[in-house]
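Heads up, there are several structures right after this.
Each of the next two complexes has subunit A plus one more chain, namely subunit B in the first and subunit C in the second.
Showing the complex of A and B:
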């Protein structure tokens, strides 16, 4: 009985996830010991607010990754969606609720387009989403005449959105966004593992033909994976807007790599068919920790891109090695 | 009607360069006509037909063309290389920094530029061919790395290549000498070399075979890894060469940029008839595709639109080209 239960724990969490937790603790301790500026509470808060949008993108992109695809459009996408959202608020005077709905809605629309092209026209996912990445990159500036997007600052009308992520009582800021993230991780975990959508999405990644032959409408669930990714890119757009307030059109390329890297470190297979949301959560934590910690121990800020690239290569190499076993 | 089309298809020159390439050349003339017609309407008083415009379109076609030629090899093996744009910028930054800050001779800096590209190509090729990583994710990682290396090397400053000193600015003559577009000749020469490599050498044959049936090539005793890696090395090297033509036309490079260009280079390839599925590639098509991309960019700017329209159009063109390729493949099967 006890032996069985012992076996159960690593199975549910996964060995790789346990390793990540270990690495997280070691790295965190290391950074705390090495750098006085890292030990501060404000550093933690900053780390959390830089983590939200990556985390949201990563939760979403886990689904296309599990189908054996990828979504590269989320990085430039989130910039485009949040710029359009701010345009609706600033130039057209719409309430922030509408702007947020449009922001998320645009994500869903582009996710749907990606899904249809991949599932119905059979185009390779990476080339499809590369094209939508280009399209949304241009579209953001075209729709708003190239203006910088500005979301409400603290104290302005509509700044309650910021309180969803960072709540200030007196002089102390609380990273309440973490609660939302954890809730979403829980919900998406349940959707992935215990609902039909999730089961079918996993099945598409592991054996699409078998699923098709068993009479399932594969295209529908395949599209669903990209819609989920787009929806989360829309949510990430709001989180990004809350963190950075002003957003330059045409930027955002490369943000998706942090999210994809996080998902792959977390144990989502590049080849599709397996993955976990908890793993993605831990993977993004690891990336954020490195990205905040390394500059604090003296690494220049422009090493960030190399860190992203390096983590990605290491994660995929580990994934490939594990699959060979 | 059908027979007339058939007769046209059977003409010798059409058979040699391929029917779809003839259509692409027709598209170039159509685009040219369209821009000539629309520019005065959209922007009062300005014209599209202009020697400087053509030269400026050529300038854009060179570096896109070199990158496109390189990535054609990679796509022929069934892979993809997203890193070429930032690699080109990284090459231009590092060699330009050597030229302006360390005062190295220009010929050495050109070699450094090509060398930096080759190094990135080798690293990418190693991970894809020997470690079996998916090419798109490897090249995305390299893309970030190239951006980072470029900005670290130059301490996040832009580099301006010298343009007035005769001793250190003869590289500009490679692009244009006495108003003769020498760059175009060089592009054609490099394209011919690429065509010979791809169609007439063992290396090129193996690359195409890897793209159409890797297992068969491997089982026939060929070390597929070596030839696959070579495709990425060629891609990186040509990106390094493209850097010289980029600075030859625009002199200034900024760190952290360049990722829009790889999409345009890939667009040139897929438009030219190189299949994303691997196994078939067209060097001539890539060159024509690069000219189309360059002409489109020139036309969009001449008509008074912003560069954002170029991004959207490039995306749509790649989608259309890949869809057309996949549909025609399905029909043949």
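Showing the complex of A and C:
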């Protein structure tokens, strides 16, 4: 039963991915035709830069979504983890390696907490992660005394971390972060589709009871889905800190919606049981393209939000209709 | 026995009278301060000013005369959250309330309630413009409109020769994080109005395009886009975040005719700096885009020192905090209070370390 479902999933998701690629090409062409500044190479670099942290969050959150849950704490979480990292470097003088480890470590810890509450205490993921979202939102401010976070800037010790995403040779900037992203997409795709942890996570989403009855320690794999989400929130925290100049404590609420939206557009079912990391990648590309392209064609900010929301509704409707067939 | 009792009674009365008198001298004040948030280190500096002034007064008095509680929503878009915070502040029955309103219209009802309860309100930073008459007794703030004009004056001096030498219209961008708060709208409008005035004096025509609020409320003679020598493009993101400001700034920076750009607060200025990281178009040279900002913070200070950002206007956030506590105390004692302009100054790499500028800058 589970094997049959697994076989059907790649086919269904594959079609949705093709549709997204088609939409991406059409939209990209449209924006290029409508705006001279969009056609510039630097626009691509900017789009990539603003996409990294959303992409990392989205890859991670795909796993809880596949279990039929969600992780709302990744947005405020990434802000909290990155300002703590900044505090360790600026106020306590610790090296950047330690800051990065703590940043990612905090993500893993909160992911674990989310996972335990959802899997062991059986609380609804929406409420659980909503509560964690509020907790981490305040926690960052408390731990750092409300100090704005600034990771090492160009010329300072530790600024090499920014080069991981954007590397400059002469006058040209290369979006090397995309290489890291594509590698992670590949690795997580293999983990999801070809390893035990991935198969169990999909099974939890499609038929948790059957999995339990077959003697599997469901709680362990359920927790793992949230740990993965937290880990990627930690990575996203580093990416966010390296892209933006300063991080304000208490912000971040809403960032998770771009990530979740991207995963859903990419074919991850909101009811759980199916999903694709490649689909998530494409979904986030679509959201980022809209975020960069719509301002470039002269649309005022509020219209951008309306259009992005509209596209998300269409994507979810298509997904629901497809699954009903 | 009777004599002893009477003596005791008299003593008790005297002691209680003395303690009442003593208690009046040892009066404590509790203030609630509702700010626009802790979204930037600017508000941390205001808090520092409040703390240092309260400490100074308490040390002079010899006891904890002043206690204050400063709160603010997490984001300057959280208007509803600020309304709730103001309600809580009112319920705490303070001796006076300090307020920097995100959206004055949303708070009008609660302000009326404070007035009815006899709690004096002191505005700070952007204050509470258009509040019901008599509700807000005074403001400790920067004259934001004047601050906007200071930016325009310094920027215009820098670019006027380029405007004169241009063979086609040039563009000046203005990034405002919102179109609702008094401080941002006044800075934005102050900049536009002054720029038009200075350009007109030199015979240049200016068009203003973009966000309706700024286009509609700006004064001075505005030309049509097709006829203008200078186009001021005003962009406001949907939410007050650095990433959205950066996106809007990027759009303007990418226009081939842009020669200058203004970010009217720390978030908008940092958005410009972020957008410029990839585009590398800003600098202090005549071939580069001249970026000017507002406030300070580590990132802006570094950009101004390096010349990537030509300059910025600093307020006196610590001064605002100090003046706020003074005004709160005076209003709680029913003393007359007046608006206080806490001042601003334009700084560049040349004077960033000077005695006049440095104390107002913060990380």
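The working rule: the second predicted complex is superposed on the first by the 302 of 325 C-alpha atoms of A that agree within 3 Å, B and C clash if a C-alpha of one lies under 4 Å from a C-alpha of the other, contacts with A are read in each partner's own complex, and residues count from 1 in each chain.
Throughout what follows, a residue touches a chain if its C-beta (ideal position, glycine included) is under 8 Å from a C-beta of that chain, and two chains touch if they have at least 3 such contacts.
On a predicted model such as this, the values are computed, not experimentally measured, just so you know.
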Which of subunit B and subunit C A:173 touches, first, second, both or neither: second
Subunit B versus subunit C as contact partner of A:45, first or second or both or neither: second
Partner chain(s) touched by A:291 [first = subunit B, second = subunit C, both, neither]: second
Which of subunit B and subunit C A:222 touches, first, second, both or neither: neither
Partner chain(s) touched by A:122 [first = subunit B, second = subunit C, both, neither]: first
Contacts of A:36 with subunit B and subunit C, given as first, second, both or neither: second
First, second, both or neither for A:244, with subunit B first and subunit C second: second
Touched partner set for A:153, first subunit B, second subunit C, both or neither: second
Intersection of subunit A interface sets (partners subunit B, subunit C): 137, 141, 146, 249-250, 253-254, 300, 302, 304-305
Touching residues (chain side subunit A, partner subunit C) in the complex: 36-37, 40, 42-43, 45-46, 49-50, 137, 141, 146-148, 150, 153, 166, 171, 173, 243-246, 248-251, 253-254, 291-292, 295-296, 300-302, 304-305
Parts of subunit A lying in touch with subunit B, wherever the complex brings them together: 70, 72, 117, 121-124, 126-128, 130-135, 137-142, 146, 249-250, 253-254, 257, 260, 270, 300, 302-310, 312-313, 316-317, 320
Subunit A partner contacts - residues on subunit C that touch it in the complex: 37-41, 44, 74-75, 210-211, 235-239, 241-244, 246-248, 250-251, 254-256, 267, 270, 273-275, 277-280, 297-299, 302, 363
Interfacial residue positions of subunit B with respect to subunit A in the complex: 80, 82, 127, 131-134, 136-138, 140-145, 147-149, 151-152, 156, 255-256, 259-260, 263, 266, 276, 306-316, 318-319, 322-323, 326, 330
